[in-house]
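A quick write-up on the structure given underneath.
Chain naming follows the written order as A, B, C, D, E and F, and within any one chain the residues start at number 1.
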Amino acid sequence: MHNNILNTIKELSENKEIELPFIDSTIENAMPSTVALQQIVEILTGILYPGYFTDSALNKKNLQFYIGANVDKVSKLLYEQIKRGFCFECNDSEKDCELCNNKAQEKTIEFINRLPKIKHLLKTDVEASFLGDPASKNRGEVIYCYPGISALTNYRIAHELLLLKVPLIPRIITEMAHSKTGIDIHPGAKIDEFFAIDHGTGIVIGETCVIGKNVKIYQGVTLGAKSFPLDDDGNPIKGIARHPIVEDNVVIYSGATILGRVLIGNGAMIGGNVWVTHNVAPNSKILQRRAKEQEFIGGAGI
Amino acid sequence: MHNNILNTIKELSENKEIELPFIDSTIENAMPSTVALQQIVEILTGILYPGYFTDSALNKKNLQFYIGANVDKVSKLLYEQIKRGFCFECNDSEKDCELCNNKAQEKTIEFINRLPKIKHLLKTDVEASFLGDPASKNRGEVIYCYPGISALTNYRIAHELLLLKVPLIPRIITEMAHSKTGIDIHPGAKIDEFFAIDHGTGIVIGETCVIGKNVKIYQGVTLGAKSFPLDDDGNPIKGIARHPIVEDNVVIYSGATILGRVLIGNGAMIGGNVWVTHNVAPNSKILQRRAKEQEFIGGAGI
Amino acid sequence: MHNNILNTIKELSENKEIELPFIDSTIENAMPSTVALQQIVEILTGILYPGYFTDSALNKKNLQFYIGANVDKVSKLLYEQIKRGFCFECNDSEKDCELCNNKAQEKTIEFINRLPKIKHLLKTDVEASFLGDPASKNRGEVIYCYPGISALTNYRIAHELLLLKVPLIPRIITEMAHSKTGIDIHPGAKIDEFFAIDHGTGIVIGETCVIGKNVKIYQGVTLGAKSFPLDDDGNPIKGIARHPIVEDNVVIYSGATILGRVLIGNGAMIGGNVWVTHNVAPNSKILQRRAKEQEFIGGAGI
Amino acid sequence: MHNNILNTIKELSENKEIELPFIDSTIENAMPSTVALQQIVEILTGILYPGYFTDSALNKKNLQFYIGANVDKVSKLLYEQIKRGFCFECNDSEKDCELCNNKAQEKTIEFINRLPKIKHLLKTDVEASFLGDPASKNRGEVIYCYPGISALTNYRIAHELLLLKVPLIPRIITEMAHSKTGIDIHPGAKIDEFFAIDHGTGIVIGETCVIGKNVKIYQGVTLGAKSFPLDDDGNPIKGIARHPIVEDNVVIYSGATILGRVLIGNGAMIGGNVWVTHNVAPNSKILQRRAKEQEFIGGAGI
Amino acid sequence: MHNNILNTIKELSENKEIELPFIDSTIENAMPSTVALQQIVEILTGILYPGYFTDSALNKKNLQFYIGANVDKVSKLLYEQIKRGFCFECNDSEKDCELCNNKAQEKTIEFINRLPKIKHLLKTDVEASFLGDPASKNRGEVIYCYPGISALTNYRIAHELLLLKVPLIPRIITEMAHSKTGIDIHPGAKIDEFFAIDHGTGIVIGETCVIGKNVKIYQGVTLGAKSFPLDDDGNPIKGIARHPIVEDNVVIYSGATILGRVLIGNGAMIGGNVWVTHNVAPNSKILQRRAKEQEFIGGAGI
Amino acid sequence: MHNNILNTIKELSENKEIELPFIDSTIENAMPSTVALQQIVEILTGILYPGYFTDSALNKKNLQFYIGANVDKVSKLLYEQIKRGFCFECNDSEKDCELCNNKAQEKTIEFINRLPKIKHLLKTDVEASFLGDPASKNRGEVIYCYPGISALTNYRIAHELLLLKVPLIPRIITEMAHSKTGIDIHPGAKIDEFFAIDHGTGIVIGETCVIGKNVKIYQGVTLGAKSFPLDDDGNPIKGIARHPIVEDNVVIYSGATILGRVLIGNGAMIGGNVWVTHNVAPNSKILQRRAKEQEFIGGAGI
């Protein structure tokens, strides 16, 4: 090992750049584990779609054992990660680990009890995707293969954790789905039942979006913020409603961008590749202007 | 374990929402394994690009052992998954597992025998990417790093399985590539030789697309359906040709959206970010209208 | 094993299609391992953001051991992969493995000594994302969850390796980030400090891009080539500057496409979904023309 | 790869030495998997000693889910291995895979239903070890740490499988315990309740042994065959009773060797390092003759 | 799933046989993890024999980082397991988890600080094996391959933990070595420096043994208890000194059995396969009586 | 992290006790990997007993591919470990890595070419165990389950490596078998064909043993050294013939100890638990004197 590597190690250890997450950590602190959270989401997915993600078939007799054992297992794993989430957040103040432990237990139990509600919502999403896609062969294929369902499963889990005020964990869970599917739904968004995503890659749904029932969104759609007020230091003020409200029965085609706290009225249709920063009336239809067309001269470029 | 968790388990075990894939399953049934299919695709990739994805170097002497052993290994793995695919599909009717077993054996052997054809097609795709990208250093880099080649490898494997009428498995294999690369090619699409994908993320190629020779597509391109007829229940009629036909020598730039059973003629060039829902003449060129330009006033928003 | 499978194996082993990477390989050659490179990036990420990606908490006392042990470990792993990269490149000529070994050692040490510089740049990127995103809760969340930071981490590592003229490895590292985040930054691009990527999926930043300080880019943005000159054989000439130069303080909104060696002046704002192939003046603002709006008639299509 | 290695491969492939287990195997045959059997024994151990070998605590409420899910899981795994066992045995004759499948299902169910009996016997073994060893702190330590209990668990599982006439699998399971503990109990031996093994390494209990209740055996004890009749070809005749019968309440100290179909009577005590090839009367005591003792002269040897 | 399996599950879940380790466990309890303890012993072994069990070479410059990082890592892992050990023991009484946590932290730190002492003792053991075995090539081979050193490493770690009154964990650690090497040393035994074990399989060293400096023991040796007093219920009284005291410079040859609280005097030599239940004078020599010899008649038996 | 732990780390890093294996190691040195050697032995076992240790069935058609691919794979793995072995040995002198590399290549190829000879010897061992054990059901069970065959496989591999003067690796390979089976055969021993080990645990066969054809050994047998001359420093002189010579057709029963360079003549039978330090004539029979027998009085002790 060369001496200049030793100097580099010294310089990196002084760590002038990135603040350590736990300044005076005790032996117990740790950041949430993405590996554990991945496992948690897999177990929850097995519970929410029984029979689809197991090595052996489930039937009416063994289902109760499978569900019971997996709810038990996921409770312990989730409790640990929720505790780490609280622990990370309370880092700057005087710590009360006992309090974090208790909150983590309470939130875990409450989350488990919301699983039937999550399952109901996801069933409506599966229906919407199955009925709305001519390429789908059966509901099993939708559950098994559709990235939209995968992303919504993570989102609906994460959204309930966010409602329970669990820090950090919800965002990690939606970012897992973002990485896997290219669909980026902020856990703070509110999405009602029968939501369908087709293809999905490149979809962005912002933190303060509100989406009604029976909405369908194609790949590359952005529901984003148009602008946001700055505070006296020139930094964005956090937490202000700044993303679209999409009412029931809206369809948004691929590549459309809708920005700001605008209202997309019931039954509207937003065409592909358009850019919308204003309200859209119910049942109206927005299309891109027609592209110009001309004869092609040749050469490799455009 | 709290009593309300016990109630939640009971409620989840009643499973009113999601139908079980195997209602009265015997001890043998199981859903296809995505882990096994991932391994299958990795072994096939090693066979199709010999020497690129192994821990040790292959040469003319040891190549036959490597190919032989891996064809043998992948046959067994694939047979098992194809069987599960048939088993999943025949679930509702009276089962004849013997029949599924036999079909799985036959389809596996037939698929293996199509590997040389798949390899030939992929070689043309590698050529197209190497020759068409000024950033590519050599063919090895294209094989090793290009997501377009990765997605086409999965697609060409899946397409042959779909032609052999194997259920479920082809879609799982293309969705694996979709997750890894952001390129979503339905296994039903027909794509001829020398196909090049640059960057790729966000590409969608629909089920009934037909693509000719020597076509190049950039990131964010959609070849999708414009509309689809509904049946008497208001559900889409499945299996109708509804995606574009792209003839030879077409280039489609990033973000373009082409919808419906339209014909993009030989040698046409579709510019970026355009929205096309009509036929395009051979050798013509479609461009987006020029964006308006104005001085920027300031502030964080737009 | 059927006889026609034996014939298929024979045909695949003749390997007429894909050239073997090592024609007369000795026992030692091997292609770079993506598994090892994944591990290398994970260890480097742990070094660059100390405390965020470990199972146990780091503090001022144990930090030096953690950094030292991981720098030591990653040096060995990286040396092996860099050697394989050189080995792959020198394949056609008369081999001098001793030379490749020595170069690999030298490049590894030099790369390690550039880690503090990489860390400094990444700190500015974290600041830019934290300050610029109203949804971000704290810098820890940005480091832990933001795909833009993940992609920039891989890019900044890969870019230094490319500056050191290490073959193949830089591209593999940025493609890993591409696969994980949907953000495709070529390792050859030059990106200055305080770079922010929001959401990110579908971003493409080409090989010869030059990006100034304090630039922000949203999902789906392409900084690509417009056209490229062909050589006498009709193939693209490699290595020519053909991607945009983006000056300081520019913001580029989602879905914008900027092509060719154009100059986007200081402080310019490029609106979403636009298509730019010409220079943009400093402080100017480019927007898409307003989409037409019309009442929606009904039916499933558009 | 050198040419003489190619010749070696050819020679090894001609395989004149070791007969292949499946001469004309179809795609489905495979030898039992020791990895799967290891997993099976681990799951069964978790079922038999609930709460001791899990990552999370079991209590009266979640026990039913844990047991149910694990019985379900182990049934599928065991069925597959039992099927392979039958398949291996029926190899030489005309195969009837359907028959092997059916037998495997039937034997699996029957075995599962004998688990309560196995659990009862093992409880008596735990009691015997706990009460008989002054070094044991509590029953939990006995279950968790004692190699004797580990070996008896495997033996009692294997013995039931052998009674069900499952081929090959029982021997593999007892050899796993042999490898782990150095205790070699043939699955054919009959061992009654309250059996205690102390330390254990080097114990051999032969195929036709019969051991009563409340017997205790120390390390290095052999209950073996003295001689066995040969057939006309000079090979041993298989299946003849040739190992000791040990009645209730016998203690056998370390290193004792008892050979042949002798009867060790109720309450006898066999001293350490003795060699017994004759019947021992009830309540008698066998000791080694006293070693001679002499002054030690020095030097490294004896 | 057949109905009689459901009954079996019900019967197993009633769990009349084996008491659950945690009757009313909270979400946090768990039994010690043998997987984690295996990892702990591996890391400690790497610390105690620096450079021998790593993937990359250690030298004077990187040694401090390796030691520091591994001490830090093993502290956290060990703390968790020690806590579980205390938790298991305090199960019956009213729990005070805070107290167990604090004890676990304190014991972990104290144990770490005893590592230099353990390392010193193990160095003397390595010397004794190297100098005493004509087959040993160098000290590296002794450290790397000798089961005696492996067993002593686990024993010396476990013995310090036992002196610190950590429950259950010490016994698990010595049983790991027992399983791996066939050498069964109770963690309670006291063994002084320069202890050599040759071959080792079948060695038993009981809980209350006391062994002096420079003692050598061969395979199959038992230092056991001869008898132990029973309490009023007929059960052995725990914790009484009942194993041999072996003074300095004793050699005990293979298969010897020494039972009871006897004193083997300084420099004595115990021959192979003897049975000793009485004191042996310093410098004396015990040998087995000569076996009778006779002409062999023939036949397969004895 | 407490300050006294920092002091402990400092003390451990000074490393006064255990000499580092590589004092001034370059980036490339590493100790042999037991994980890699385990994998090597598993692959070799699959080659030597074709069809027994694979997930899928081998037949005459696919056997060549399996053998070829595994010989190729194991060559690379073995080469790396043999190189490390030479590297470890040449550590003290001036290094010539090129020389070690070349020697490793040469030894690897020579070893591979000895595999058919090893396979032939092991076939005779399988025959001997099958014919000599009334409990064996068929040759497959012997190959699959018998620890004696497992130990001999490792020994015969290791012995050839030792004959090729490969350092360290042979001993590691026989110690793996020792750990797994309790059978400790030094790789230097010479063992002729048709060797049978029954049960095996506790067997020790020393470095300079010479064993003829058709010999059978039971558990707990020692073929050891009686004494060894010391050099002027009081240390054993290495490499002197000091273990027994066992001629053809000898049977040695369980627990027998034979020490020193004695000759056990053709056809002799050594009874169980005897202690032999002198020559034994051909066809003679050695038995332990009869143990004394007396009535048992009672009590827990002896």
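Observations on the structure shown:
In this section, contacts are C-beta pairs under 8 Å (C-beta built on N, C-alpha and C of every residue); 3 or more make two chains touch, one makes a residue touch a chain.
Not measured: the values here are computed from a predicted model.
Chains that count as touching both chain B and chain D, per the definition above, are A, F.
Chain centres here are C-alpha means, and the one lying farthest from chain A is F.
When the C-beta pairs in contact are tallied for A-D and for D-F, the bigger tally goes to D-F.
Rounded to a multiple of 5, the C-alpha superposition of chain C onto chain D involves a rotation of 180 degrees. At the interface between chain A and chain E, two copies of one sequence, more than half of the residue numbers in use are shared by both copies. Chain A and chain C have centres, each the mean of its CA atoms, that are 24 Å apart. Averaged C-alpha coordinates give centres for chain C and chain F that are 51 Å from one another. Multi-chain contact residues of chain A (touching two or more other chains): 1, 9, 27, 55-56, 59, 62, 64-65, 67-68, 71-72, 75-76, 182, 201-202, 220, 228, 236, 253, 255, 259, 271, 273, 287-289, 302. Remark: the chains found to touch one another pair up as A-B, A-C, A-D, A-E, B-C, B-D, B-F, C-E, C-F, D-E, D-F, E-F. By the touch rule above, chain C contacts chain F in their complex via residues 1, 6, 9, 27-28, 59, 61-62, 65, 75-76, 79, 105, 108. Per the touch definition, chain F reaches chain E in the complex via residues 1-2, 4-5, 8-13, 15, 17-27, 29-33, 88, 167-168, 171-172, 175, 178-179, 182, 184, 186, 188, 201-202, 204, 206-207, 220, 222, 224-225, 228, 235-240, 242, 253, 255, 257, 259, 267-269, 271, 273-276, 280, 283-289, 299-302. Note for the complex: chain F touches chain B at residues 55-56, 62, 64-73, 76. Interface residues of chain A, counted against chain B in their complex, comprise 47-60, 63-64, 67-68, 71-72, 75, 109, 112-113, 115-116, 119-120, 122-123, 126, 131-137, 139-141, 143-147, 180-182, 199-202, 218-220, 226-230, 236, 253-255, 259, 271-273, 277, 287-289, 291-297, 302.
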